[in-house]
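Before we start, here is the structure in question, set down as structure tokens.
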Amino acid sequence: MSMLHTVNKSPFNSDGLSSCLQCALAGSSVLLIEDGVYAARRGTQYEALVQEALKDKKIYALQPDLEARGVKSNLIDGIELVDYAGFVDLTTDHDSVQAWL
Amino acid sequence: MSMLHTVNKSPFNSDGLSSCLQCALAGSSVLLIEDGVYAARRGTQYEALVQEALKDKKIYALQPDLEARGVKSNLIDGIELVDYAGFVDLTTDHDSVQAWL
Amino acid sequence: MSDEQVTKKFLYVNRKAPYGTIYALESLEVVLIGAAFEQDVSLAFIGDGVYQLTKGQDTKGIGVKNFSPTYRALGEYDIQKIYVEKESLEARGLTLDDLQHLVYEDEDDDWAEKDAIKLVSAKELGEIMEQQDVVLSF
Amino acid sequence: MSDEQVTKKFLYVNRKAPYGTIYALESLEVVLIGAAFEQDVSLAFIGDGVYQLTKGQDTKGIGVKNFSPTYRALGEYDIQKIYVEKESLEARGLTLDDLQHLVYEDEDDDWAEKDAIKLVSAKELGEIMEQQDVVLSF
Amino acid sequence: MEFGILVNEGPYQHQAADSAYLFAKAALEKGHKIYRIFFYHDGVNNGTRLTTPPQDDRNIVERWSQLAEEHDIDMVICVAAAQRRGIVDPEEMKRNGKDADNIAPGFRISGLGQLIEAGIKADRLVVFGD
Amino acid sequence: MEFGILVNEGPYQHQAADSAYLFAKAALEKGHKIYRIFFYHDGVNNGTRLTTPPQDDRNIVERWSQLAEEHDIDMVICVAAAQRRGIVDPEEMKRNGKDADNIAPGFRISGLGQLIEAGIKADRLVVFGD
């Protein structure tokens, strides 16, 4: 259960992702949406941050947003893809939702 | 003469300042406005970046924006303050203006 | 328990600097309206959001309304839990002394005046977030 | 020289990712209209702006128009100088192979097809910026 | 479950309005209910009927109106935010001495209390913004 | 000197509209001219006459209208951006089959060419946005 965090900004233009990962407790989940999905790619400056978070958190990325941006391949291992129906399920499977705008 | 760069975002939530300082040539000028003025303060994570830039560039900050935010004291040495009239003068004293949005 | 008595934990998360955008002001407007609903309210200031609480804001030069005095009124709306993230303050070279002194009167302690601002680490804030029912982000 | 013959150097600076905001699309609309004015036009892609040029964008799932094919039409509008900042690409783990192949036909070289994208360092881009008369940022 | 949805940005400029719409649609398709969609900040601009987007693009405002009608969803625009930005219904028009209104079908203008109420009544409140 | 000014954001949500106004005013006070102010992206929302901001706050739209009148400034709203966002003058109203217009005094709706022209004709183009 616990909390679902959503992150919708590129890690290059917001401290939303890093701030979220600092606060989010072990066992909670983070869903990357909109420009937030760029953090799901391998090889960015923020890969280590995401790899570290994957040790004790679940990280998801919204597939339609990855596809729109042409970055659906070459993703960091362990990140799970969901569609909008999956997004809805994540919100009901967790106790609450926090958007990191 | 050369170019006047304006930076209007907090360095914590945009790579505008760092990107600007990487591109801007020696002898050019950077004016911090709006949330960009937070970079003018001493003691932030971005102070070293600004100090380095001051070696070969002029850095200005818009005083009304500093005052609005309650951060007009404790500024990095070498940063010059201007009001809106000074902002206008900077644009006419330089050959062109580039906004780092 | 009737429907009217449901009490939920509301957390208002403020992550944006004031004046550059309107989120800080309009977030405050929600907090003030929300106070009438007698829920369990907390505010969190993270990242650039900590800049909302700085002392000495003077907006005359930008022609915009200075809404920073309103934070001092939060105590009268019985808002007692204002969390400021330590790491965010430090990254900005700020200390609690740079922020306004916000207080409330504790009705369980003979109306003693108490500090509303609690300096917490990211991890402590994470624990607080997990306990919330509703998180409003601006 | 009559007023109509003034030619200025226009630089369009793109620093935002596509789809999350509309700036990329509406910037492209300015570039297309601007092409009719026969100025000396350059485009720069810096920071998240480099994401605008990625191959294989497919927007069906978000119900938004895919405007990435339009970049390939820029050559027909005689736009020959598309600068991509090297440092920005590298920070994002991207190479030129991840971007669309944009070309133009060089009328001074028997209409040979040439690469429109030029990979430049921040410092080289800084030199290019200094030569501009008008910089439009989106 | 019953959802509350908060939309903080206007149409087209940011993806928030698109994401919120697709989320709402997906929730309804899974059999969930939507207690209320609340439009705040520039989000109030989702509720103007005066838009004419390009033919080959989605019509964000119309899409909201249709969704609200099909599923009987309460779509509320914050009055204070709307006054700042010029979103007006016939009543606001009269009250503020304006000569036109621009609200789209299916939207209503009301106070911020409606957002708090959505937080209290809905099982989950999901926020879309910038 | 003669300035062109580009405003990319709407009123209130971002400071861009305030900064652009204060810059324009300072330039005029120093004896400079303003060739044109062009409103693009959400900047088009600066041109609606339907706003009613709080009494104790600045009225961004009215301020623009007054500045334009006092100094005879050409204030142009991009037609494509305006159609997406619902800013309408009487002609656009007719052309797009709308039942109301909302444009404020002193603004006119025209094409993006007016922005390029401002770049060509003005000595400096200054951009305010997010």
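We call the chains A, B, C, D, E and F, going by the order they appear; numbering starts again at 1 in every chain.
Following the convention adopted for this analysis, a residue touches a chain if its C-beta (ideal position, glycine included) is under 8 Å from a C-beta of that chain, and two chains touch if they have at least 3 such contacts.
A quick note: this is a predicted structure, and the numbers were derived from the prediction, not measured.
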Chains in simultaneous contact with chain C and chain D: A, B, E, F
Touching chain E and also chain F, the following chains: C, D
Remotest chain, chain B as reference, centres from CA atoms: E
Distance from the mean Cα position of chain F to that of chain C, given in whole angstrom: 35
Approximate Å spacing (C-alpha centroids) for the pair chain D, chain F: 26
Residues of chain F touching at least two other chains: 8, 12-13, 15, 19, 22, 41, 54, 57, 80, 125, 127, 129-130
Multi-partner residues of chain A (at least 2 other chains): 8, 12-13, 15, 34-35, 64, 83, 96-97, 99, 101
Overlap residues in chain D, where contacts from two or more other chains coincide: 16, 19-22, 47-48, 62, 64, 133-135, 137-138
Chains that touch, pairwise: A-B, A-C, A-D, A-E, B-C, B-D, B-F, C-E, C-F, D-E, D-F, E-F
Touch list for chain F against partner chain D, complex: 6, 8, 40-41, 80-81, 111-113, 115-117, 119-120, 125, 127, 129
Sites on chain A touched by chain E in the complex: 6, 8, 33-35, 64, 83-85, 87-89, 91-92, 96-97, 99, 101
Residues on chain B engaged by chain A in the complex (per definition of touch): 12-15
Residues of chain A that touch chain C when the two form their complex: 2-3, 15-16, 19, 22-25, 28, 95-101
List of chain D residues in touch with chain F within their complex: 6, 8, 10, 22-23, 26, 29-30, 33-34, 36-37, 39, 133-138
